[in-house]
Every structure is written in structure tokens, then in C-alpha cells.
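In the two complexes that follow, chain A is the common piece, with chain B as its partner first and chain C second.
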Partner chain A sequence: MVQRRRLLDFLPHLILLIGVAVVAFPVYVAFIASTWDAATISNGSMPLRPGPHFAENYYRTIFIGTSSSTREPVGTMMLNSLIMALTIAIGKIAISLISAFAVVYFRFPFRMTAFWIIFVTLMLPVEVRIFPTYKIVADLKLLDTFAGLTIPLIASATATLLFRQFFMTVPDELVEASKIDGAGPMKFFVDTLLPLSITSVAAMFVIQFIYGWNQYLWPLLITTKDNMQTIVIAIKKMIVTQDALTEWQLAMATAILAMLPPVFVVVVMQRLFVKGLVETEK
Partner chain B sequence: MEKRVVFNGRLLPYLLLAPQLVITLVFFYWPAGQAVLQSFLVQDAFGLSTEFVWFENYQVLFSKPEYYKSMVTTAIFSSLVAFFSLSIALLLAVQADRHIKFAAGYKTLLIWPYAVAPAVAGVLWLFMFQPSLGLVSQAIRVAGFEWNPLLRQDHAMTLVVMSATWKQISYNFLFFLAGLQAIPKSVIEAAAIDGARPARRFWTIIFPLLSPTTFFLLVVNVVYVFFDTFGIIDAATQGGPAKGTETMVYKVYSDGRSGGDLGGSAAQSVVLMVIVIALTAIQFRYVERKVQY
Partner chain C sequence: MSDVRLQSVRKVYAGGVEAVKGVSLEIADGQFCVLVGPSGCGKSTLLRMVAGLETISGGTCSIGDREVNEIEPADRDIAMVFQNYALYPHMSVYDNMAYGLRNRGTPKDEIDRRVREAARILEVEPFLERKPRALSGGQRQRVAMGRAIVRKPKVFLFDEPLSNLDAKLRIQMRVEIKKLQRALGTTSIYVTHDQLEAMTLADQLVVMNKGQVEQAGAPITLYERPMTIFVAGFIGAPPMNLLDLPASGLPGLSLASPVSGPVTLGVRPEHLELSTEGGALAVEVQVTAVEAVGAESYIYGALGGQGPEIIVRIPGRDLPAIGASLRAIARSENLHFFSRETGIRLN
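Now for the complex of A and B:
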């Protein structure tokens, strides 16, 4: 760049390598723990290299589950988490696309009122209205259902704002051309607007999938049955405060399994992830 | 900004808006309204009658030392996480911004913790710092330091700050890197020609030019600590020991779960709503100047 100095070339690598190592260390430790047996971990003599119980621990975690705390196999929970994350991501994108389409491409009474009603929800994260929302879900008999788990998290202003902003940049000539061709609004939406929005939709999907997969407080309240648990809330239940009872090797295998899908999405779709992150914050 | 060309339709736009509006009204406005209403009511012990009491619930809330304690805890927690995650991320972003080899690789290796669930992050750090069997806590003990986050409040706070910082570095790193790459190279070259050394170039040119990014990230980080660290606290310390890591959001949860005082719990929710609205307003005022909606 500006000047070349040997030390200055070496130092950034050193600092970044230390950074990468510190960031990766907790996950490395968790992985190592998931390959040893309970006794080695609980007497505090776990070495920093992989142990011989990898297959056994992961098999037990995924297909059998821990003995005392969560009961269900983690495979079931991963499936629950996957259903929850996909429903939240797809649901959010679907309802936001059509509401943004309505706000941008139509003129009707109370258009801006509707927009503001949606906009204000940016300011009400689920944590601050947690018990009243819980009560409504309970009154609607939606406890322990996927509907109760996902629908209250589907509505959010972020995606609507993002799609509205994107639709604003779509040239008016495309609408005119569609109209000349005799296409109605829904045909324009499906044939012209959706194909143009595909990158924005994909970026949004990456962010919302992570958001949905990582939900904690809401599933904790809404699920009471063992077979409705998600993997993220199960990990915490596996950590028994009196640590003699905690099966750390299974808890850490569960932690690794809980991290894999969202981390995989971020690493593989890095470009979309960065785009989504930057856009949702505007 | 408005579209010139629009479609005609009387019913269609309402149908398109209906799903989002219905969900928003049922699951956002209704519960938020309930919380506000309930914060002005007192129920008797059997839930048979309710009485409108104006601001009594708030007066009671603000007369409790525990509530101030949770505010102080939240303030300490937010400032520590914001300070450490911002400075570490800035240090790393400055290194990655130099035109070195593998810059893209480092970026990939640094951003993935964003995807780790807060509760999982809490468990990972808890495991390393578990007093009896944790790898790091054993090393600390060998060094002659008595470490126990289950008994000592400051140790528990250190633990949650570390996990929250670990998770937030990736986010701050990405935004700092983008901010750094937006600074024109000619400005830095000019300073170099004038003889300014790297450290001086950083503090007199790069850091001031980054200040919008830093300010934006500061607000985002505070919001993050307020609302998204619930999982970390619940997994690592459950707000303990002796409520030493109980933030305001965690207190709403633990008070509400133990039941009883509906009005007081609702008043806490309303105070939090006011704080979020204030933070969001600050964020938008700032962002508005840069981005045109």
C-alpha cells in the first residue's frame, strides 16, 4: 500500500492469526470434549487432542439422546429447529414481499398508515413483550405447536423495509412494459419483480435462517413437550448446575451440531450473508 | 420517493397487506398494549379484582434497589462488551485492510461466530471456565488465582462479557472492514508523504474518518447487549450468583416467571420499550443522514 516494511508485513499476519485462534479456540475445545468419555472430562484431565469416542458420542447424541435431562434424541430436535428456522425465514420473506409490493405499487386509502404500523414494530423486540405475547399464544391454544413457535416471530419490519427499498430502485419502464403487454399486477409481481429480487431474497434468507435457528427465549417458553424442543434450548438443559451429573461430552456434541447448520450457511454463502447483514442494518 | 407508475386495484392491496398486518396486530400491538395497560393496574392476591392505580407500579419499581442494581449491571455489561468487541474488531479489521495475502481467508475465519446461537456461545465459554473441570480455569488455578464464577459476581460477569464479546467481534469486524475500505487511499498516501508514521496516520486520519461507523456500531452493540444476550446469561450464569449478572431483560423474564406481580412485570416491560424506542430513534437519526429511504 503506502510503504513496504518487512515488520509491517509480518505483524498483520501475526495479529490476525492470534485473532483467528482465539475466536476458534472455544469451538475447538468443544469439539475435543465431544470425542472423549465422561470420566476423562469430569476429572479435569482432558487432553487437547481428539479422543477415541467420536463416533460413539455423536451416534448417542443424534439417535438416543442424553439419559436424564432432555430425553429426546438430538436428531429430533435438529429437525424441529430446521422446521422452525425454515418457516420463519420463508414466512417472513413471503409476507414481507407481498406487503412491500402493495405499499410500493398501489395507491389506496391508509397506505402510509399501514406502512407505519409495520415500521413501528422495529422497536418492539420479542423480549420486551414476552409475557403478554405468551399469554395470547396460550389463549389461541398454540403452545407446543410449530404455528405458535414461528408465527409470532414471522412479522417484522426489517424485511418489508428492505424489499420496499429494493422495489423503489426497479425502473418504472418495466411496469409500463408489463401494462402494455396486458399483464395484471400479480403477473408483473411473479414474472418481473420476483426474478429481479432474487439476490435480495437470498440475502434475506441467510440472515433470517440464522435468526430463526438461534431463537432461544421464545421456544423456551412455548415448548413444554420434550418432542417439541429445539436444539438450542436443549443444550442449556443438558448443563446441570451440579456438574457431576452433566454429560459434558454429549452436551458438547450437541453444541457442535447446533452450530453446524448456521455456520455452514454463513461460510458457504458468505457474499449473500454480508449483503444481507449490511442491508438489514440500514 | 414515490413510484410514478402504479397499478389499479381496490381490494388487492389490502389482501396483499393482510397477512403481515394481522400478525403484527395480534402478536405485536395487542401484547404491547396489554403490557402498557397492565402496568397501570393492580390485581389482588386472588386475581379476582383489578384496580386502576396510575403510576403506582412504576413508583414501586423505581423504589426497589434491585431494579437499580439490574440497571447498573446492564450498564456495566453493555459498556464492557461494547468496548472490548469494538476495539478487538477494529484492531483485526485494520490488519485485514492492509493488502496482505489471504485477507479473504482471514475474513471467512473471523466472521462465522455471528452464526453461533447466544445460548451455545454461553455454554462454550462456561465449559472452558467451569471451576472444577474447565481447561482455562485449571490453567488459571495453576497460576495461583482462585477462579469461581459460580460464587463470585465479578467472575461471572467476566464470563458473560467474554462470551458476548466473542460473538459480537465478527459483526463489528465486518462493518469496520467495510468502513476502512471506503476511506480513500489518497488521503493516507498524502499523510505518508508528509512523513506521518502508521500509528499517527491511524489516529489522525483513519480513526476520525471511521467515526460514523464506530458510532453506528456502538448503538448496535448496546442494543445487542440489551436484548440478544439473554441466551448467553441464561446458559452461563442464570443471572447469578446472587443476581450479579441479571440484566434488565433477564429480570423481566425471571420476575415474570416466578409469577405474582403482573403489574410490576408489565411496568418493567414498558420501561424497556421506552429504552428500545430511544435507541432506535438515535440509530435512525444518524442513519438517515447517510441513507435515503
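Now for the complex of A and C:
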């Protein structure tokens, strides 16, 4: 019996460990590659232990950048990505909170129509409406600006639906108590609804920050200037396919750097994130 | 003056459902009025119309000498205690009580004074910094009451405030609510479906059914002289025995002075006593079940062996055997006669 139990304890762990290895090993290799010099990587004999060029490679990546392909230090790109991801995440949350508030708590004409129109946009992600959206942004002279990069991505049916679902679980009596306590709609929103939504907001922030950070197609279209590039695009650009030598150590360092902010956000928000998805503070 | 006057108040919902069908009611200054009735009788809707949480479809509602039909809930000078307390979960007990005052721009030291006074009266002082979820049901109930009394409103509105508490706490809070209301002298409207709560709390008891007032008055009047069959069956526990008398009479039942026409006879279980003597009403019952509840017992029996069920209350625990035949009598002042067609009292 004891033997069998041990086996049953061991087996799931083994499977999980294999899963972790499958996910983590490429990341590990990327990190190792970012600590060797270009010659060691390109001759195909890179060892699986950290190399001596860690500081040098990361300094070059962050402050100088590759010599040919991106022509801009990755530090700038990280800043660009950060501004884009934060603007998208915060913008999405702000707009969704307000629209969900309107849909749930106000009885205006065509309320359900408005709700369904928002709902239908789930079927129209940026990729589907990319040409008209590009045209609008271009006509508004928003190419190569942060506004052009973020605003078209801000409208979010997902977040609106999530907040709507959450708001509908808030007891009606709280609204009524607020009315009797002399709080108007906006005061109710700020004093009661927002504090109660904090965990949902955190969950949404994690999801939308990563969504924003990982944007590839849209920034590729909208940005043409070197100093507007985002880090995700830079990784692709650094891996040159022509005869030029790919500076693999820098590309790998960029990949590692690109991973850090989303990981940081997930780690910091983890507890709130899980709480926001599974329970509510009521 | 903070009396509440309702004049043929109606509530018609969008779908055409008429929840309240013309209710007129006067609640005097300082009076404790209890609205009672089965679920769906419109009692909560009526209360919510007084609160301003539902619009009034017809008629007028005035608080003091002001008609409040079109006035926002916050400006009606009322405070409400909800069934699930509706405390703000993210605010401390102190903030919960202070919130309404802050929104009205009451000076800080005045808020502090009032909140602490309410906390003292309701014995929630040790919990002022806690969040509602760290409180027990009874404590939350007290905080909800505190939130109402700090405002010093003209009218308290209670919407089944005790139905989420356990039986023991319910009785304790019932007594406290009554005491508090006496002490503050604030006009109160209280909605409940529990007739015991209604009887013990009310100065004026209003029995509602199907959106209409069946009878309003002092609780003891409703108990002694119910004006309709509905009130007769609703007030009192166990309920009044209601027997439909055909013109030919019922087997096993004899009346000293026979009545004519199709009537319903009502007699309360506590007004029936086991006796072999004659009375205004005498019934022969065959025992089908007995319930001993301590100081008294209830005998369930079939009239005349197979007729309708009759409940008789007897003192003590001296229970008859199942199947035994008993004879119970009642005095004439304890008999209630109602018209079978209209349900209205005849005597």
C-alpha cells in the first residue's frame, strides 16, 4: 500500500516536472545565449552554462542596441512598449468600467441595443478591421504617435462584459442604501462600486497589460520611426535572414527583457488576479 | 410632525401587473406600524414607495405635511433597514454609519458625536473599526440600525430586517427594536411576513393581501375581531379553525343558536376547551395527531370522525390517545362568523 501510494504521489509530480521543463528549457537556453558572445553561439558549440558576457551584452542591448537591424537601444523600445501596454490596459479598464456601469445601472433608451453592439464587437478584433482602422488613424495623422498606437486597441468588449457580470452580482440593496444615504450615481460608482471591483480590475489589468505588451501586428503598421518601435517588433527585426550576421546574444537578451515586465505584473498581481476571477469581496 | 399619510396609493408595473391596488393609510407621529401579509401581497412594494425606491403610479404619499411623490429618497428624510442589511462591505462600521451624514455635509465633529452615540446605544462600540464581514449577523443588524438612527430621520422603514437571523436572536432583536423605537419616538413602518413579529411590535397592524389592505388597527383588535376570513386565518398561531357551514349543518357540530345561509365559522384553537357541558359551540372530534410544545399541547382532530380538521389547544401535557373521541366547547363571544361569498365578518 505504502509503495503504491508513493508511486501515485510521484507520478503526477513527474508529469508536472516534465511540463515545467518543456516550458522552462527554451527560456533557459535563451538566457544562456544572452550571456555568451556572438562567435560562441554561431559556431554551434554554446555550452549550457552561463557565459562571461552577461553584463556586457545586457548593457549593449539596453543602452546601445544592435548596430544594423533596429538602430535604437532596447531601453527606448521597452519604454515604448510599457507606455503602450499601460495606456491600453488602463484605457480599456476605464472605458469598460464606465460602459458596464451605464449598461447595468441606467435605464436609457436602447440600453440593450447598446449592450448588444458592444457584445458584437467581440467578433471584430483589430485584425479583422485592420484596413479601415489604419485608414482612420492615418487620416487623423496619428501614425507614429502613441495615440495612434493605443486608442484603436482600447475599446474592449471583453472587459465590459466581465465588469457587467460583476456589477450584476452587486446586491441591489447597496444601490438603494446609497440612494437613501444621499449618494448620487457617480458618488455610488466611486465610493462603492469601484472599491468592490478592485479585484476584478486587477485581474483585468493583468490580462490587458499582457495583451497590450504582446501587440505585434498593429505597432508594425503604425510605427515607422526607429524611436517608436516596440520591443516585440524589435525581436523579430533583430533576427535578420539575409547574409548579415544575426547578433544572437543581443536578440536573446531582448527576448529575456521582453519577458520581464509581463512576468513582473503577473507575479505582483497574482493573488489579486486569482481572487478577481474566482471570488468577489461581498 | 412626522406622520405618514397614504392616499389610494397604487403601483402598476410596466407589464400591467398591479402590485398595490389603492392603499389608504394614516400612520400617526411616533407610531409603530407593521405591514404584514403573505409574500407577494405588495407590502414591500408599499414600503419601497414610501422610501422612494419605487415610483408611485397613483395616489399620494405624504410625510409630515409634505407630499413626497416626486422627491428623491435622499431628500425624504427617511432611513431604511434592509433585509440583508446592505452594509457597504468595503467600509468600516464607523464609515458605514457616517456615510450618509458625510454626503449631507454634516460637520465632522457632529458626525463623530452621532456615530459614537448610536454605537453606544446599539452596543457596537468595540467593532467600529471592523469591516462588516468580520461581524456576526446580529451585529450587522445593529450596524444597519445604527446607520438608520444616526441620521435622525422622520421615519424609519424596516424591510423584513430580522428574517436573516436565527430564532433566538430574532426575538432578542425584536425586543430591542421596539425599545429603541419607543425611546426615539420615531414614526416607523415595518414589513414582515411573521405574524408573531407583527403582533408584538405593532401599534398599528396592517394586514395586506393581494395588494389591498384587509384590515388595519391595533393588533389585539385584529386578533379579537378579524373583519375578514383572510385576517382571521392569518393572525394567530396555530391558525384559527375555519369551518364552512352548509345550511344543513355539519355532523359533530352543534351551535346553541343556529345560523342561516352559507357562512364560515371561525374559532381559535385557544378558545376551544375540552368539556362535556353545553356551550355556544360544541364539537365532537376524533383525535388524529397531538403535539406537545411544553406548557401547552395541540390536538388535531377530525370533526365528527371524518369531517374537516380542527385544532384544539389544551394546557399541560395530558395528551389524549390517537383515535379517542373528544368534545370541545367554545363561548359565544369567541365565535366568528363570515360570509362565505364576500369573506366579510357577519357578527
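We adopt the following convention: the second predicted complex is superposed on the first by the 261 of 282 C-alpha atoms of A that agree within 3 Å, B and C clash if a C-alpha of one lies under 4 Å from a C-alpha of the other, contacts with A are read in each partner's own complex, and residues count from 1 in each chain.
FYI, contacts are C-beta pairs under 8 Å (C-beta built on N, C-alpha and C of every residue); 3 or more make two chains touch, one makes a residue touch a chain.
What you are looking at is a predicted structure, and each value in this text was computed from that prediction instead of being measured.
With the C-alpha superposition on chain A as described, chain C and chain B fit side by side in the combined arrangement.
More chain A residues lie in contact with B than with the other chain of the pair chain B and chain C. Look at A:177: by the touch rule set out above, it reaches chain C but stays clear of chain B.
Once the two complexes are laid on top of each other via chain A, the angle at chain A between chain B and chain C, using C-alpha centres, comes to 90°, given in steps of 10. In the superposed model, A:52 makes contact with neither chain B nor chain C. Touch criterion met: A:131 reaches chain B, while chain C stays clear of it. In the superposed model, A:266 lies in contact with chain B only, and not with chain C.
Once chain A of one complex is fitted onto chain A of the other, the partner contacts of A:121 are limited to chain B, with no touch recorded for chain C. Look at A:30: by the touch rule set out above, it reaches chain B but stays clear of chain C.
With both structures placed on the common chain, the touch criterion links A:216 to chain B but leaves chain C unconnected.
By the document's definition of touching, of the two partners only chain B reaches A:232; chain C does not. Note on the superposed arrangement: chain B and chain C approach each other to a least C-alpha distance of 6 Å.
For the contact definition in use here, the residues of chain A common to its chain B contact set and its chain C contact set are 176, 179, 281-282.
Taken in their complex, chain C has these residues touching chain A: 51-53, 72-75, 78-80, 82-90, 99-100, 103-104, 147.
Chain B makes touch with chain A in their complex at residues 1, 3-7, 9-10, 12-14, 16-17, 19-21, 23-32, 34-35, 38, 88, 91-92, 95-96, 98-100, 102, 106-128, 130, 132-135, 138, 166, 169-171, 174-175, 178, 185, 188-189, 192, 198, 201, 216, 220, 227, 230-231, 234-235, 249, 252-253, 256, 265-266, 269, 272-273, 276-277, 280, 287, 291, 293.
On chain A, the positions that touch chain B within their shared complex are 1-3, 8-9, 11-13, 15-16, 19-20, 23-27, 29-30, 33, 41-44, 46, 48, 94-96, 98-99, 101-108, 111, 114, 117-118, 121-125, 127-133, 135-137, 151-152, 154-155, 160-161, 165, 168, 172, 175-176, 179, 184-186, 188, 210, 213-214, 216-217, 220, 232-233, 235-236, 239, 243, 248, 251-252, 255, 258-259, 262-263, 265-267, 270, 273-274, 277-278, 281-282. Those residues of chain A that touch chain C in the complex are listed here as 171, 173-174, 176-177, 179-183, 187, 191-192, 195-196, 281-282.
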